[in-house]
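Take a look at the structures listed below.
You will see two complexes here that share chain A, one where it goes with chain B and one where it goes with chain C.
And now, the complex of A and B:
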C-alpha cells in the first residue's frame, strides 16, 4: 500500500516537474504560441452517466470502458445477413464514416468520465425553465414543415451540437480546430461547419443588435493562458444538440474559456458557462485539445446538402 | 452496478438516441427497407454527406437509378479513402431504407446502412468510431 502510494507520488511529481520544465514558444509579436491543428475527439461525454459517481477512473477501468465501446461499435456494423427488417430504426451508415475518438479524455493525468467537472455530479444543472426550453425545442423537431425550424447543422449554418461552441464540445466527426494568431487576434477555424471564430484581444464586447454565429468573443493572455469571454450569442444557436450533448443556452449567456498549452502536443481547454436563466449555477468543464494529425479539410456543407430537401420532401410525402 | 453504468455510458456514446448531422429518421422510411444490387454510376464526394449512385436491374429488365447516402468525405480522406477507392462500374450491394419521399426524382434514394462489394467484401468498414447515427427529431429517442 505504502509502496503504491510512493510510486503514485513519484509519478505525480515527475509529471509536475515535466510540465514546469516545458515552456511554450512565443510568437514574434510576443504572444504564447497556440497555433496548430487540434482535436477534442474523445468518447468521454459532456455529462456523466447517472450511475457513475466518480469523475476519475483508474487506468484499468478506463481501458475496460474503451474496449467495451470499441466492441460495441464493431457490433453495430455486424448487420445480420439478408434484407433489413421493416419497422426498425433506419439508422444511418457504416461506422467507418465516423470519427468520434476512441479514448476517454485524460486531464492532468486523470482519466475522466465526463467533461463537466462542476457541478460535481457531472450533470448539466438545468433549471426548470432551462429544461422546459430544451424539451420545447425537441418537440418542435417532430415536424419538418419549415426549413427555418430545423437544426442549424441540418441547414449547414454551424456545426451540430456545440462543436463550434463556445464551449467547443466533441461531436460525431470532424472534431478538428485550427488556431491561427496574429497581433491582436486569435482565430479558431472549426472544421464542423467551417466556421471561423475571431477573438479580439484586449477589446470590449460589441454593443447593439449584432449577434454573430459562435457569439462575440474577446480575449486576453494571463501569463501563458489565453482567456476568452464570449456572449451575445445568436438566438438560433441557443439549442445545441448532438450525439453526446444537448445544451440550451440563452443569447446573453457568458462563456469563459481558458487555453493553456501544456506541451507541443496538448492544450488544456477549460470553460465555464454562466447562464442563470437556464441553469441553477455556473457549470464548468475541461478536456484536452490534442495535436491533430494532418490538416483541416473544407466542410462546404451547403454545396451538397440534399438531406434538408429530402427531410422536407419526406414531411410532404406524409401529408 | 458498474455494468449498468457502463451500458448507460455506451448508450450516450452510441448514436442510437441522439442527433447526427441530419435527421435520418425524418429523411428515411423505417417501413421501407431496401436490398439493392447494382453497378456504381457516379460517386458524389460532397459534404455534408457523400452519395453513391448506382444502376439497379429490375425484375422486368428495366434499370432504376438509385442514390445512396453516406457520411462526410472528410472522415474518409483521413482514413486513406479517396475517389479512386470506389471505381465506376463496381458492383455493390446496399442495405438500407428508402427515403420517405418516393418520387424517385431524379433517382430513388436510400441510406447506406450497410454497403458491400458483390463478392461480400465490406466497403467503408473498419469501426473507426461509433455506430449508425440516429437523430433527435423524435423526443422519445433521447437518452436522458
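And now, the complex of A and C:
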C-alpha cells in the first residue's frame, strides 16, 4: 500500500516537474511556436447529453461512454442484407468516410463530457430569439427548392457546422488544422474547406460591408498564449449545423479564442462566444488540439459536388 | 544635330551602366532563416491569364462567326467592352508553347469552347502555375520551418513542403509542392496535379504528367522575378518556361480579400434544378 502511494507520488511529481520544465519553443522572430498540424477530433460533443450530468467523469465512466459511441458508429456499417424498396432511406456514408475521433476530450487531466464549460449545465444558453432563429433555419432545410437554402457544407462554401468557426468545433470528419506563422500573422488552414484563417496580429478589426467567411480575426500574444478576437461574420455563416452541433450566431457576435501550447503534442484551445442577441449569457468552451498524424490533403469540395446536384434533382423528382 | 545625338547616346549608355550594377548589387533584405524576405502579398500586372502566348485584343473570350469576322458569342454579348480581351505581350520565353501536334489542336478546340470548358468559369481550383497569374493577389507566409501560399481566388491554398515527403500519394488540383532555396532564389517543384486545371483562358492545358519548377527571385524591395518551367512529355515536345514579374502590394492594398466564387456560380451550375428556374440563355455549346 505504501509502495503504491509512493509510486503515485513519484508519478505525480514527475508530471508536475515535466510540465514546469517544458518550455514552449519560440520562432526566430520571437513569437511562440504553434506551428504544425493539429486535430480537434473527439467524441465529446459541444453540448452535454441529457443523460450525463457532470462535466468531468472518472476513467471507468469515460471508457463506458467511449465504448457506447464506438458501438453506435459500428452499427452504421451494419446494413441489412437484401434489396431496399423504392422510397426507403438509402442511408449516408459508412464509417470508412467518418473520422470523428474515438476518445473523449481530456482537458487539464479531466475527462470531459461536453466542450461547453459555461454555462455549467453544458447546454447552449439560447435566448428565445436565438432558439427561434435556429428553428426557423432548420424549418427551411426541410425542402430543397434552391441551392441558397441548403447548408454551407453542402454548398462547399465553408465546412460543415462550425468546423472553420470560430469557434472551431469538431465535426464528423476532416477535423484537422494546420498553423503557419509569419511576422505579423498567424494562419490557420482549416482542412474543410481549405479555408485559411489569416489572423492579423496587433491589428484593428475591419469595418464596413465586407464581412469575411470565418469572420474578421485579429490577434495578440499574451505571454505564451495566442489570443484571437473575431467578429464581423459573413451573414450566411450564422447558421452552423453539423451532426455534432447546431449553432446560430449573429454577424456581430464576438468570439475570443485562446491557444496555449502545453507540450509538443498539445495546444489547449479555449473560447468564449458573446452574442447577447441570441444567447442569455456569454458561453465558453475548451478542448485540446492534439498533434495530428500525417498531413493535410486537398479538400476539393466544390469541384466534385455531385451531392448538391442530387439533393436538388431528388427534390425535383419528388415534386 | 550630330552632337545632340551623341549626347543622347552617351546619356543612355551611362544610365544603362548605372542601372546594371545597381540591379546586380541589390541584396534582398533578410527574412526568417536568413533567406530573402518573401513574406507579403503579391500580384502580377499582366494579361497572362487571358493567354500565356502573345495575343492581340479581341471582342470577347467566346466568339462566333459574324458576317465580317468574329463577334461575341450570344452568351457573353451583353457584357460589351467589359467582356472584351485586352492584348497581351505573352509571357512564354521563346516561340510559344511547344505543343505536340494533337495537343495544339486540342488547345484550339479548348479555346473555341472556353465558356463550357475553362475550370475558372466554374470557380474550380486553379492549379499551378495558373494560381500565380490569375488577376488576384496571394499571400506568402514563410519562416524557417514552414512555407504557405494563400490565394484570394477560390480560397485556394498551397502548403509547400520544405522536406520532400516523396511522391504525391494522390493527384489533386493544386498538386504537391516541395520548396528549397538556391542562393536567393526560392525554387518550388510541383507534381501530383491531375489533368483538370488549365493554364489560362485561352485553352492552354497539361496532363497529369506535368512537373512545374517555379523560381522566385527578389529583384527589388517591391518586385520578384517569377519563372516557371513546365515539363510534360505527354503534351509538349520539350520543357518550356514562362517569365513575369510579381509586384508586392503595399499599404492598404496589401490585404488579401476572399473571393469565394463558389457562391457566385450556383445559378450557373444548379440554376436549372431550382423549383422555379429563372429565365436563362442556354449555352450554344
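Heads up, the rule we're going with is that the second predicted complex is superposed on the first by the 296 of 319 C-alpha atoms of A that agree within 3 Å, B and C clash if a C-alpha of one lies under 4 Å from a C-alpha of the other, contacts with A are read in each partner's own complex, and residues count from 1 in each chain.
In the analysis below, a residue touches a chain if its C-beta (ideal position, glycine included) is under 8 Å from a C-beta of that chain, and two chains touch if they have at least 3 such contacts.
From a predicted model like this one, the values you see are computed outputs, not experimental measurements.
In the superposed model, A:313 lies in contact with both chain B and chain C. In the superposed model, A:178 lies in contact with chain C only, and not with chain B.
In the superposed model, A:87 lies in contact with chain B only, and not with chain C.
Of the two partner chains, chain B and chain C are each touched by A:156. With both structures placed on the common chain, the touch criterion links A:263 to neither chain B nor chain C. In the superposition on chain A, contact is made by A:69 with chain B only, not with chain C. Looking at the superposed arrangement, the partner reaching more residues of chain A, out of chain B and chain C, is B. Once the two complexes are laid over each other on the shared chain, residue contacts for A:303 go to chain B and to chain C alike.
By the document's definition of touching, neither partner reaches A:281: not chain B, not chain C.
For the contact definition in use here, the residues of chain A common to its chain B contact set and its chain C contact set are 156, 297-298, 300, 303, 308, 313, 315-316. Those residues of chain A that touch chain C in the shared complex are 27-29, 33, 35, 143, 145-148, 155-157, 178, 180-183, 185, 187, 189, 193-196, 198, 210, 212-213, 236, 295-298, 300, 302-303, 308-309, 312-313, 315-316, 319. Taken in their complex, chain C has these residues touching chain A: 32-33, 39, 123-125, 139, 141-146, 148, 150, 155-157, 159, 165, 170, 172-174, 196, 256-258, 260, 262-263, 266, 269-270, 273-276.
Residues of chain A touching chain B in their complex: 43, 45, 47, 49-52, 64-65, 68-70, 72-77, 79, 82-102, 113, 135, 138-139, 141-142, 144, 150-151, 153-154, 156, 160-161, 172-174, 191, 241-244, 246, 293-294, 297-301, 303-308, 310-311, 313-318.
Residues 1-2, 4-6, 8-16, 18-35, 44, 46-49, 51, 69-72, 74-79, 95-97, 99-103, 109, 111-115, 122-134, 136-139, 142, 144 of chain B are the ones touching chain A in the complex.
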